[in-house]
Every structure is written in structure tokens, then in C-alpha cells.
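Multiple structures follow.
Each of the next two complexes has subunit A plus one more chain, namely subunit B in the first and subunit C in the second.
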Partner chain A sequence: MFDKLTKWVLERAPVNTEELKHLSAEPVPNHLKRWWWCLGGTPAYLFIVQVVTGILLAFYYVPSFDHAYDSVRYITEEVPFGWWLRSVHKWSSIFMIMSVVLHTLRVFFTGAYRAPREFTWMTGTLLLGVTLMLGFTGYSLVFEQLSYWGATVAGNMAQAVPVVGELMARMLIGGEKIANNTLTRFYVLHAGVLPVAMVVLIFLHIVLIRVHGVSQFEFRDEKGTGKTFPFYPDHFYTELIMGVSLTILLTCFAIIFPAELGERANPLVTPAHIKPEWYFFFTFRWLKITGLTFAIISTGFFFFLMFIWPFIDALIRKFKPKSEISVWIGAFAFIGILILTIWEAVAEH
Partner chain B sequence: MASEMDLNFKRWIIAILSLLFLVALLVVAWVEGGKERVIQKPKPIMSGDSSKCFDCHMQKSPVIAEQWRDSKHAQMGVGCYECHKAGKDEVDAFLHEGKHIKTIVTPKTCATCHSDIAEEFDSSHHSKAAQFTGSLDNVLGHFVEGPLAEANGCWQCHGSNVALLKDDKGDIIRDENGKPKFDPLTWPNTGIGRVNLDGSKGSCTACHSRHVFSKAMARQPETCGKCHMGPDHPQIEIYNESKHGIAYRTQLDKMNLDSDSWIVGKDYSAAPTCATCHMSATPNQPTTHDVGARISWTLRPPVSTKLDNWEEKRNGMKDTCMQCHSPDFVNGFYKQFDDTIELYNTKFGQPATDIMDMLKERKLITRDPFNEEIEWTYFFLWHHEGRRARMGVSMQGPDYTQWHGFFEVAHRFYFELIPQAKELAHNDKEAMKFIEDILARPEHQWMNGISKEEQDKIYKFYMKRYGQKAN
Partner chain C sequence: MSEEEHCKIKPEEVTRRDFLKTATMWTAASSLGLALLGSLKFPKPALFPDIPKTFKIGKASDFPVGTEKVFKEKSVVVQSHRDGLCAISLICTHLGCIVKAERKKFDCPCHGTKFDDEGRVVYGPAPKPLEWLKISQLPDGKLEVNIAKSVPLGTKFLFS
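What follows is the complex of A and B.
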């Protein structure tokens, strides 16, 4: 019966199953058996969680000045399982940002961005940027006091970009101040433009990984063996374990620390302390200690350097082969970001 | 952490984790179940006696039962029996399903839990609202218009003297179930100064509406507007005209009316309602149920006077004003207010009253109220138009101060009261002199024509504004 059905389907959808098996069983380096090397698949899995929960939340969310907050309150308090969906959406976004950052660090400190994988790194840094933007726009859509004023600060920051700042801010905010136009823009970005950009970039990222193969690392105990193992089922199962574990973790977080709802956005009352989400703490602190324009230019320059780092690294190594100065620069930058983040977290102002 | 797990072991881990995920989902479902219970109407807390009432009245009068279930009382275990129970010696008590109960819940009952509030209310002008038997309003309602107009008009706001029907022997008439029959003129009644059978005065339901007992409803100006409206005390119309009322209607959704704590500037800042200024808490003073606690003038009688302890009362009101306005603004307002009341008093209220007293003194009119036209004229002047002018300025309603107020007071005074008084006094030289002396005062000299300079000024203004058409 099952054979008949398979035959019937294959006649109509003539997929070469042998080729499919071959494709999915691509040999991957032995180091991928180490759990640390699951961090590339983790954000992809979390992105799927985001898409599924995001679609369900979009059934109820109303991106308008008058109804946004109430619709989030409705989701949180009245929609069956709405609190859980919103909490899983929130926590998966936080986990996703954490895993993308960790994955970026792993790739950077293992030098996996080096030739011929420069484009893989560049699509990766773009994915990091898109992830952060998704976090920011999503948080702003809640339209509570802090997210409203966070978005106001972001608008002011965009305005501070030299030459094009005014235009950028108007494009982002859709007027003089945050209003209906802003919410519809953030909604379109959060639920349309950025997820599509994310899918395209993930596709490019994976294609590039397949083209160049996963970069080979040999640990001391397996030096020179050149051992590989098939992606499916071995590594697939590892990723699946990671995925299911994360799903349980997300649900636990949703139950123990459900997404809360702060005060309704009030354009007339500026909160005593405005703070963005934790992943922007470092930029906010940098802004406070250096001033708006310098902070914007320097942060933009930092991300640009990060984007083109494979070429800078290649230039350094051209003059000083086998130099590991990139590691030191990366460590310095990361510790700097960490200090700024902790500073902002503990400081009252 | 290197891992060399074999595939079978990995499969087992996946299976176990999937099961754990299902368990996590069960926990989610359990939390969701609990959440649904919160969204649903909370289960009321009821004593055994109240539970019996509730079950039966859910069938017989479901609306009041539902209203009570939605109330704060239901969450606090204050049920039907707790409020309606009666001692068997109470005059309106009757046996119902084995328990002695009474129909009317009075402030005395509410004081069981809300004693401070009941005390404040008892000392307020509101609790004395039914004590107007000797007033002109009562003469109008009872004699001129008729007892039913009085019962259904005056008493529904002021409150009735609740009474039970009695037979010729003076015994209370009861129905076949032993329930005492109320005098239909006096009950139903939710007037704020109702005199109850237990001797207490007032009716909490006038503002808090049984069986919802809503704070929000009492804080809404519409509640006060049930009585504080109309030609003789149009407070709600004045409020609606004022900036305060406009702000309230525009920002109703920001008023936080349901909040337990309702301190202006802390729990809300969108607009003031009647309650905000007269009763509710500020950061510096608590809520009061003495509605006159912050009122410095009485604007009710023919001639306004300042009340006892008016400075202290005014400071209370100023504190409320200053939650939104600067001291200069508030003091400026009170200067305008005081001077305008003095204007009314000296130019119209006091002279009109003096003329009426003089006419009675000299027996040019009888002492019986409302049987002579000039008494109606005088009544309109102070009771309707005069109050409108004074209340208009007290609540910053410009149109009520002027067109509905002073303009009509002036017309009534100069073209009705004075001619009618002169007509009555035309054979009494002293009476005529009394009237003429009043009209000889500087504030009435405009009647003899305004000065040439003033005429020129007005002419020039119209020429400049309208050109030749001014002629």
C-alpha cells in the first residue's frame, strides 16, 4: 500500500531520491560533532520559531497608534495561548540574537572567515544586522512607554547621521514624530521586509557554505586524520537535539518569565530612565559618553570594519604572515562592547 | 565537550526530549487554564445566606445579580444578605426565605465597613439635601405644582422622607408575605439626602449605583449631572462648556476612572471631573465625601455669602487647582470669581432682595410666596439667572456667566422687577423713594444714558469695524 502510494507520488513528482540522499549526506568535518559547532544552525531554527509565532501574533496585532498597545494587551491577556506565543516569540528573539552573536564570535576567533569564505562572513554580518533590526522593530511594535521612547531615541540617532540623516529619520519615522506612519513602517519592516531579507541572506549563506564546504578544524586528538561524517543523519540529529532542547527551554522561559506589558506609550510623558533592549546597551552607553554624532559615525564605522574584516585580515597577513593580531583586535572590541553593555545595565542614567 | 554519540543514542535523546516538550506543553495548557479563569468573571465570594439569595435571584432578577457579581463587593465577600439583613425589630424588616431582611440599604448599613466615609458624608450638605421643607422650592413643588411633581421631581434629587403605608389604626400595612408596603410617594427614591427609616440620612446609591457600587461611575461628571443641571443650577452644562469638560470628553480613555487609587497628577492627569475638584484626593489631601469641604462661597441664596471657615475650604480647593495650574493662575481666578460674585450681590442680588423685603414690609405684597407676579420675577432673577451667572463664573463657563447669566439677570432686574415694583409702589411715596434711591446708585446710572465720550468711543469702534453700515 505504502509502496503504491510512493510510486503514485513519484510519478507525479519525479524526485530523484538517490540524489536527495546523496545531497543530504554531504560529508562534514569531524569537528562538527562538537556541540559548540551547532551555533550556526541554532539561529536558523530560532528564526523558524520566530516566523511561526510571528504569523500567529500578526493575526491579532493592529499596527496603529490607537490600537497597537491594546492589541498587544489583548494578545497577552485574552487570546487563548496568546501570552505563550508572545513570550516564546520574545524569548526566541533574545536567544536568536545571543546565538548569532556567539556564532559570529566563534567564526571570528577561529578565523573561519578567511579566504575563500569572505562572502560567507559578509552575508553573516548582514544577518547579524538584520537580526538586530528585527529585535528593535519588534520591541517598538509593543508600543509601551519604553519601546516608544526607545524608538524616539532611534529616530534621533538616525537624524544624527551626517548628510542623509534627516532623510533617513523621515523614512524611518514617517513624519516629525512617532505616530501611525511609524508603526506601519515598523510593522512592514518587522513582518515583511526584514524576514524576506533574512530568508534571502540565509539562503546565500548556506549556498556559500555548501560551495566552499564547512571550514576544517582539526583538534589535537584528531590531527591529520581528515575524518568526516555524513550531514544526514548524524549532524541533523545533533541539530534536532539542539532544536528540541531550545523549544523546551523557550517554553520554560515563557512560563517562568512571561513577556510583560509596561505602561502604554504616552508621547506627553518622557520616562525618567529610557533604556533600549539589552543588545543595544553598548551603543546607548557609547552615545552617552561620546555624543550623538560621533557615536553614530563611530558605530557605523565599527560595523563597516567588521563587514570587511576578512580583507583587512588578509592585508595584515600579507605583510605579517601567520599573524594572529585579528584575534587580539577582536578580543579587545568584544571586551569593549561587554564593558559598555554592563556599564549601561548597572548605571541608573 | 566532544561528543561521539552513536546514532541510536541520539534518537533516544530526541525521543526523550520530545516527550519533555510535550510535558512542557501540558504545563503551558495548565497555565492557560488558570489564565482563562482569570479572564472569566471572578468567582464571587459568598456567605451561605448570600449564596442562597444569589442562586434564586440569578433566575428572578438576573441583571442585579450579574451587576453584583461584577462588583468589588462580590470579590470582598459582601453579598446580598450582608447588606440587606435586618434585625427583626427594624420597622421595615420582613421575613424572607427564613431570614429577616429589608429592602432599602442605607448609609447606616454601608457604615458597617465604610464608617469614615459615612461620617464625612453625614456632615456634608448632600446628606441634608432633603431638609428643604421650608424652602421656596418646596412651596413650588408641593403647593404650586402639586405633590407628584414634588415627589418625582424635587425628591428624586433631594431625597424623600421614606415612609411606610399605615392603616387607620396606625399599623404598618403589609402584603400577603408580610412585606411592609412603602408609601409610593417616598419610594422608590435614590435622592442624595433621603431620610431613611432607620434615621440615617442619604443614599450612597445616588452616586455609586447599586448593585455595581462603581467608583468609576461616581467619578464621572454625568453622575453629578443627574441633579446638578437645568435652569437653576446648570453645573453639568457649565462643566461641559468649560475647558475642563472639553478635556474630559477628549481624553476620557486616559482618565483611569476604575483605578483604586485616584490621585490627581499621580493616577491621572488628563482632565478634572466634578469629583476631582470637590472630593477626590490630591497628593496633599485625602478624598472626602463632604462635597462642600472645598467650597468657599454659597451661590445658592438670593445674595451670596462666604461660608464658615471659607479660607480653609478655599485652600483645599486651591491645592486641587494647583495640581494643574500655577499659583498666579489660581489666585487670579479667585480674584475674578470673588469680584464677580460681589458685582452680582451689590448690583442685583442685594437690591432686588431689599426691594422685595421693603414691599412686604410696607404690605404692598403679601407674605405668601408665589401668589404675585413680582415674586416669580424675583425668583427667576436669583434662583435661575442669578445662580447661572454665579455658577458660570465659579466653573469658568463664560456663556453661562454672561448670556445665560448676567445678561438675563439685568433684563429681569431693569425691565421686569423694577417696573413691577414701581407699579406696586406708585401710591406709596416712601416705597417709590426707596426704589429710586437704589436706581440712583452709580452702577445703575447707565439707565440715564451713557456719557458723550463713551458714545463717541462706541461710534468710532463701529465705524472702524463696519464703515458706513454702522449707521
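What follows is the complex of A and C.
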């Protein structure tokens, strides 16, 4: 019966299963057996969790000035398992940002961005940017105090960008003040534009990884052995274990630390203690200690440098072939961001 | 071949197929470009909510010397001094948060800018002092503040 059905389907959708097996069994280097090399697949899994929980949350969410907050409260307090779905959505976003950051660090410090993998790195940095934007638009949609003032600050930051700032701010906010237009725009970005951009970038990223193969990285104990193992089933199962562990972890976090709902957005009062989500602590602190225009230009310049780093590194290595300067610069930048983040986390103001 | 004939530029032969191909490509590209330009204009709202730029604050006698009144709805504080009234905006000049009006100072909760009693930056990242706004008297004697019209820092208005 099953064979007949398979035959019937294959006649209409002639998929070459042998070819598929060959494609999925791509040999990958032995170092991929280490858990740190699962960090690329982890955000992809978490993104799927985000899409599924996001679609379910969208059944009840209303992106309007008057109803956004109440609809989130309804999801959290009334809808069966709404609190759990919202919490899993929130925690998977936090884990996703953490894993993308860790993956970026791993790729940077192992020099995996070097030729011919420059485009893979560039799509990766764009993925990091899209992930952060998804995080920001996500917490803005809750429309609590943090959402409103976060969006106000973001709109004014956009306005301070030289030349195109005014236009950018108007496009983002959809008027002079945060209002209905802002929420619908953020919703369109969060649930439409950014996820589609994410899918396209993930696709490009994976295609580039398949084209160039996983970067060779040998530990001392396996130098010169050139050992490989098939992606499927070996590495696939490693990723699967990671996925199952994450699902358990997400549920634990959702139950122990459920997503809370702060005070309703009040355009007339900025709360006394306001801080963004932890992943924006470094920009928040940077904005406190430097002038506005400098803070914005330097942050933009930092991300631009990060985006084109493979070419800068190539230039440095052209003149100093054995230079480790990239590692030092990377370590300096990372420690700098870490200091700003911790500073903001512990400081009262 | 004479020199004159040699210098003549011979036109490149264009086949009907080539011409149609080029024309189609340019038509498609230009219509797509124009459509894109049109779409870029779309996100700019055609209508903005009409937010009133002025609001009434009462009569001059409502502000005895040495008092101040916060108009929370408009994010403005009106202070009464010996030499007149002044209206100071409570919107931080850094990134638009509402500053907290305390005795003799204003504090921004977002990025920590501290302003003195006249709105000058004492500490923090705000690039400019708080905005001072125009106060005018209406024919019925009542005063109104214009949130769209700023005046130089320190400007005070005397009304009878």
C-alpha cells in the first residue's frame, strides 16, 4: 500500500532520492563534531520556533495604538497557553541573538571569513543585523513603556543620521510622533519584511557554505589527518540533539521566567528607570558617553567595518602575511562592547 | 581608399531582433524604475493628524512670582520669575524623552542628561539646552504657549 502510494507520488513528482542522499551526505571536516560548530544551525532552528510561535501570536495581536497593549495582555492572560507561547517567542529571540553573536565570534576568531568565504561572512553580518532589528521591532510591538520610549529614541536616532536622517525617521515612524502608523509599520517589518529578508539571507548563506564547503580548521591532535564525516546523518543528528535540548530549555525558561507585561505606554511620562533589552545595552551606554552625531556615525561605521572586514584583513595580510592583528582588533572590539554592556547593566542610570 | 572615405564612421548594423530586444529591455527597466520611485513615495502619509501648536495656560495672575506649573499633556513647564514668565519644553534635546522637572534642575531618565534650572546642559550627551517657548497674550487676557515657536534661552514675557 505504502509502496504503491510512493510510486504514485514519485510518478507525479519525480524526485531522485539517490541524488538527494548524495547531496545531503556532503563530507564535512572532523572539527564539526565539536559543539561550538553547531552555532550556525542553532539560530536557524530558533528562527523556525520564532516563525511558528509568531504566526500563532499574530492570530490575536492587534497592531494599533489603542489595542496593541490590550491584545498582548489578552494573549498573556486569557488565551489558553498564550503566556507560554509568548514566553517561548521571547526566549527564542533572546537565544537566537545570543547564538548569532557567538557564531559570529567563532567565525571571526577562527578566521573562517577569509577568501573565498567573504560573501558568506557578509551575508552573516546582515543576518546579525536583521536578527537585532527583529528583536527591536518585536519588543516595540508590546506597546508597554519600554516599547514606546524605545521607538521614540530609535526614531530620533534615525533623524540624527546625516543627510537621509529626516526621511528615514519619517519612513520608520510614519509621521511626527509615535502613533498608529508607527505600530503598523513595525508590525509589517517584524512579521513580513524582516522574516522574508531573513529567509533569503539564510538561503544565500547556506548556498555559499555549500559552494565553498565548511572552512578547514584543524586542532592540534588532528593536524594533517584530513578526516571528514557525512553531514547526514552524523552532523544532522548533532543539530537535532541541539534542537531538542533547546526546546526543553525554552520551555523551562518560559515556565520559570515567563514574559512579563510592563506598564502601558504613556507618551506623557518617560519612566524614571528605562533601559532597552540587554542586546542594545552597548549602544545605549555609547549614546550616554558620546555626542549624538558621533555615537550614530561611529556605530554605523563599526557595523560597516565589520561587514567589509574580510577585505581589510586581506589587505593587512598582504603586507604582513603572518599578522595576527585581526584577532587583536576583534578581541579589543568585543571586550569594548562587553564593557559597555556590563557598565549599562550594573549602572543605575 | 581616399582619406576622407577612411575617416567615415560606418554605422553598426542593427537587426530588427536586436532593436526590439534593446527597446524591450529599456522599456521594462524604465517602467520598473518609475514604479519603484512611485512606491517610495507611498510610505509618506498624505495626511498628518492636526496637532494644535498652541495651548492656553490661564491668566498672568494665575502665576504668582516664584511658582511653576507643569503642563504634562504638552510636556511644558511655565515658571514665574520677578522679571516675567517663561515656558520651557520638557522634551530632551538628545533623543526626545520627557525630562523630569525637579527643584532647580531637569533630569532626563533615558541617557542621563542633567539640565540646570534654565535648561542649560550641565552634564550628559544632550547637544542643546531645553527649548524655551513663546508665550503670548490673547485679547481676552489669557495666555497661550506656542510649542512650535522657540525663543532664545532666558527670554521672559511680562504681562499685565
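Quick note on the criterion: the second predicted complex is superposed on the first by the 349 of 349 C-alpha atoms of A that agree within 3 Å, B and C clash if a C-alpha of one lies under 4 Å from a C-alpha of the other, contacts with A are read in each partner's own complex, and residues count from 1 in each chain.
The rule is short, and it goes like this: contacts are C-beta pairs under 8 Å (C-beta built on N, C-alpha and C of every residue); 3 or more make two chains touch, one makes a residue touch a chain.
Here the structure is a predicted model, which means the values were calculated and not measured.
Visitor: Scan A:N181 for contacts with subunit B and subunit C and give back first, second, both or neither.
Guide: A:N181 contacts subunit C only, not subunit B.
Visitor: In the overlay, work out which of subunit B or subunit C sits against more residues of subunit A.
Guide: Larger number of subunit A residues touched: C.
Visitor: According to the stated criteria, A:T110 is in contact with first (subunit B), second (subunit C), both, or neither; which is it?
Guide: Neither subunit B nor subunit C is touched by A:T110.
Visitor: May I ask you to decide whether A:S215 touches subunit B, subunit C, both, or neither, giving the answer as first, second, both or neither?
Guide: neither
Visitor: Just to be sure I read the superposition right, which of the two partners does A:W83 touch: subunit B = first, subunit C = second, or both, or neither?
Guide: So A:W83 only meets subunit B here.
Visitor: Subunit A touches which residues of subunit B in the complex?
Guide: 1-4, 7, 10-11, 13-14, 17-18, 20-21, 24-25, 27-28, 31-32, 35-36, 39
Visitor: Over in the complex, which subunit A residues touch subunit C? Could you list them?
Guide: 149, 152-153, 155-157, 170-171, 174-177, 179, 181, 185, 268-274, 284, 287-293, 295, 349
Visitor: For the complex, give me every residue of subunit C touching subunit A.
Guide: Those residues of subunit C that touch subunit A are 43-45, 48-49, 51, 72-73, 75, 94-100, 108-112, 124-125, 127.
Visitor: Applying the document's contact rule, which stretches of subunit A touch subunit B when the two form their complex?
Guide: 33-36, 77-78, 80-81, 83-84, 219, 233-234, 237-238, 240-241, 244-245, 247-248, 251-252, 254-255
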